[in-house]
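These are the structures in question, set out in turn.
In the two complexes that follow, chain A is the common piece, with chain B as its partner first and chain C second.
Up next is the complex of A and B:
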């Protein structure tokens, strides 16, 4: 099997695109509810969203017959592989794609729903499992790297709507650094209401593109113009420039995003307020807070005096 | 199969070493090329006999690299986990580590470093390995500082000051590659002691000595110097290149460091890399402290702003202090206006995998007894077939927390690079935060 893969002629414009699809039902349900009320109609329904994504996936496969697309769904309780164009049995023809894709997506959503216990009700602010889907994508890409010296150029595309889950901070950062080490760019396209600090950092660190489309009705156009070209061709394109990166971290105590905080000098854990003891490593901060405060105060005084 | 196997390991080694090959050849020609016969060089470089092993019937076979690599990796992982459990005691399972380190690397460039038992010379090997070490060190210790000191002609002199940039350190080292005279351990320790006593109290003070010689030529009583280092809580470690010597052993034992002697180049590199991850900190070695820090946002690429560090208008990039909204060009730094320590939060996050390590996976082989349960067909991570995978053993592993099955390649990748279990990250107990 390995030999059949390496015998294909991979040139540098053959891509492997791993698409991470946000199928968080609470987010998409919230979108529907909102569109009924007076909310601005910026948001998209899930079926409309799919009607933009599916043609985009087909178009990547049509650009180059050797291109490969893998789709991983990120739910609220689980993540799973939905579609692999190199999988063989599903076939690579575009009509097969649609049927197989939708069937497996439906199965996944149903399984994810069953995992939610009856009593659980969540708001539209529930995050989907970005950390899990990123980890799966990276494992898959490592397998492609192992398959031989000649392999398609991998990249990850996150299509996310739900807000970030600050509780996934450490895991998401771990995945980002691993992607950076293996030179896998993480592209992101945010279809939610707010920017995603996780994906801004992911794209910034790994050299991918971060995009938050203004007109979601034209999502397919955004996707095909910005994300369809292979990595080699990107250098010739005028791609959207970064509109800033939100480098906020999540505090370890409340899992809230913060832009200022206190860092334990022993283990570098981040806290939103001073503590007497580090909850991660157990170090005692005896004269810590008083010491640092007087130091910064004296510094300010000298600056004012000068 | 066997033909494939013979080609396999050799080819892989070539591919891995390709980056360094050109430089290596240049160095060899420049320094040592004439002294070494071509046939000698080929055998020394390739060591083709090392990729063979003897099987039960005494036949020579190429090493089954996949199983071998996995066994090696598991040994490393289990050692690391055991060390962590031993240090923190049974009550606290997490590892306490000194993550803000101030390390001086002291390199012996005395006469002994010109010996050629390492190819092309000890000096060249040390320089090459230190380069890799410095990069690895900064990767693993984002807020730490490194400085370089060379010993030659009986004195020690500083090549670089403590700093946070790997490139400038490496440049300074490569510019000063020559060796002569006697080494002096005492002079080196005295010099570094003077520098390290000035670092902040929460930092961990460390010296790593790469020692080629078997002697030291000192101006006074080195025992006093060692005593001073011990008092200043400086952890001294030595990696020797020739043989074990008493004074180094004594130094390391007194200051709580480690002493190792390398057998050959590969071993030296391995011993050196062991010093890159933060050593389990001895609690009293540094005062724990809470440091107030800001995590600035990066500005849009099109914005024009005046930075507070150069007082010049600049287009794009730049970071905004979250406290006073001043603009700075680079991180990490201290805000010029309000004095807040500004760091990039991803920089900190690089070391969090030390705090929350992935548990070692359990080995599991496909047992027919297990077939009653829905036995896994594919690796949860990469979807690789677990049954047809590998040559003879369909060995695979499972995560003790989420019970998902993984192939051996994913096992290595998850523990050595990803630091997340994809299974554990793909499930959630409760959605209410």
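Up next is the complex of A and C:
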């Protein structure tokens, strides 16, 4: 086994692209749950979106027969593999891709809906499971690294529309750092209305590209211009630079993005309010101040006594 | 690594050399568009994708802004390639500025491919007609065996047990350029021939195919048809049977030759004949730079100049025999030694020491490949030393000047020669000097001025 790893074939222009597809019905159906009105959240219908993404996936497979594309759908409660060009059973021809892709996507959405119904009706969560899909992608990449003879250049492309889920903050950051560690750039293309602070940070930290297309009708063009190039070619291409990154962290107690907060001196957990005890590592914050107070108290007492 | 000169003109250059009409006709098939696209450099591929849905020409200056300053040379290569293959067409507008657009036929086909999917050239036959198809492993083994058999025959080795189905005159055509045919001497492998043997299978294959196509061009076969057939073939599924009746006449006559090369396996059923593409055929449309077909190494060289090759292939033995003394052959092992005599043989055939070293390094057994250097330094040094032994005399075309009228003129001439870096030798007593041939003109002008 050890020898097979060392004799892997490293090639610059073979890519493994993991596409994370946001299939959040709350977003695509255009119901803005926060305001409760029927204001469309997506400027692009889901079918149009797919009609841009599918040719993009097939164009990556087209330009190099050794390229591999994996599509992971991120729903509200679950995420799952939708398509794998290296799977063999589906074949790589475009018509096969389309048929298999849509069938699995439908199955996935149905399953996800079932899960939503089974669980408590949490209307507040309209975000997709970004952290879960990132973890799936990273696991998949690790598996490819450890098996097979090819060593493709991996990258992750997040196509996200729904707003960030602050409750996933810790999990997403952990995924980002592990991507950084295994040198997997996370590209992100935001098709929603608002910028995504999570993805801005993800792309910034891992050296990927963050893009929020202005005209969603031309999504394929954006995808093919910015995200189709392999990592080797990127070093001499003029690519969009990030305008700025929202570095705000989310507090661990209420999962809200905050500008200023309190940090546990032991485990660096972030809180928006003072606590007696760190909820992550259990360190007692009160103790130190109480100790000092009791000491000064006793001092005062001794002073009074003398 | 020595530059492999033999594939300087590769397959896609051959496609590019087709006249514009033929090239446009080739692009009628979306499969060929796909194969051609895959052969492009990465940057060019990206440009094609980027231009795919743009109908208006994009000015050359705008395109230059797509890359960073570092990438301008790659940009130029990509654009040149695209123009050469007529994928980009140059449009010159009124302001005499050039702009490019995609070849409309190519563009149309690729768009269709991306949106609706490609069509297979032909459907595989149902499995109830074709009973007992070979397994993929058997097919691979068959292809490799057939290919090696062909190569052995090509290098004229005495080890050939059976001949491939190739016409001997065809083999002669292939041997041109690979073997030297001096009078009264058995043909020997030339420098090119050795380089050919060192290439990976896919590159070798294309070299042969190229020769094959140009030779059938002489027999009145349209090269464009053959090229499109071969590219089509690479999109068939390996291991599936395809009916021979679906082939055109030109293709039918070509397919038996392709079977001799191991690209397809022919089988006969009760009613129909069919062909089964092997991996060699389906790898055809991969670009030459893809090293995925590279095999695992097998050679171990020891510091005592002994060489162990773990291989059952007769071809490997023949290659080793070119520069080493093969001592004995075991079923899975060839044992030999690199000696001065064996190397001199190789040098005489025009094989350079660097090529031999590169071969040993590239084919190093995985166990030794982990070490650096994979071939012991004393062996590589000795190979280089023995090579330089043969080149003790260096020839330089030069001119001798003598009969100088005075010492001053002679010394001035010497100084001038030294200045221009052409002075090779001087003798003050006899007053003569030797200057490189390329400096002769300058020297003569100088002497004339002195008079």
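As a working rule, the second predicted complex is superposed on the first by the 241 of 306 C-alpha atoms of A that agree within 3 Å, B and C clash if a C-alpha of one lies under 4 Å from a C-alpha of the other, contacts with A are read in each partner's own complex, and residues count from 1 in each chain.
Here is the rule we use: contacts are C-beta pairs under 8 Å (C-beta built on N, C-alpha and C of every residue); 3 or more make two chains touch, one makes a residue touch a chain.
These figures come from a predicted structure and were not determined experimentally.
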| said: In the overlaid three-chain picture, which partner chain does A:168 touch, first (chain B) or second (chain C), both, or neither? | reply: first
| Should A:279 be classified as contacting the first partner (chain B), the second (chain C), both, or neither? | neither
| said: By the touch definition at the top of the document, which applies to A:62: first (chain B), second (chain C), both, or neither? | reply: second
| Comparing the two partners chain B and chain C, which touches a greater set of residues in chain A | B
| query | Which holds for A:237: it touches chain B only (first), chain C only (second), both, or neither? | reply | second
| After superposition on the shared chain, which partner residues are touched by A:45: those of chain B (first), chain C (second), both, or neither? | neither
| Is A:114 touching the first partner chain B, the second partner chain C, both, or neither of them? | neither
| field | Partner chain in contact with A:205 - chain B first, chain C second, else both or neither | value | first
| field | chain A positions touched by chain B in one structure and by chain C in the second | value | none
| note | As the complex stands, chain A meets chain C at residues 3, 6-7, 9, 11, 13, 55, 58-59, 62-66, 93-98, 150, 220-221, 224-225, 228-230, 232-233, 235-238
| Touching chain A in the complex: which residues of chain C? | 34, 37-38, 42-43, 45-46, 49-50, 52-53, 65-68, 70-71, 74-75, 110, 113-118, 120, 285-286, 290-292, 294, 296, 366-367, 369-370
| field | List of chain A residues in touch with chain B within their complex | value | 26, 76-81, 84, 115-116, 120, 122, 126, 129, 131-133, 135-136, 138-140, 142-143, 146, 149, 165-171, 173-178, 181-182, 201, 204-205, 241-249, 255, 258-271, 274-275, 278, 280-285, 288-289, 291-292, 296, 299-300, 303
| Can you list the chain B residues touching chain A in their complex? | 15, 92, 94-100, 143, 202-203, 281, 283, 286, 288-303, 316, 319, 322-323, 337-340, 343-346, 348-356, 379-384, 409-410, 413-414, 417-422, 425-428, 430-433
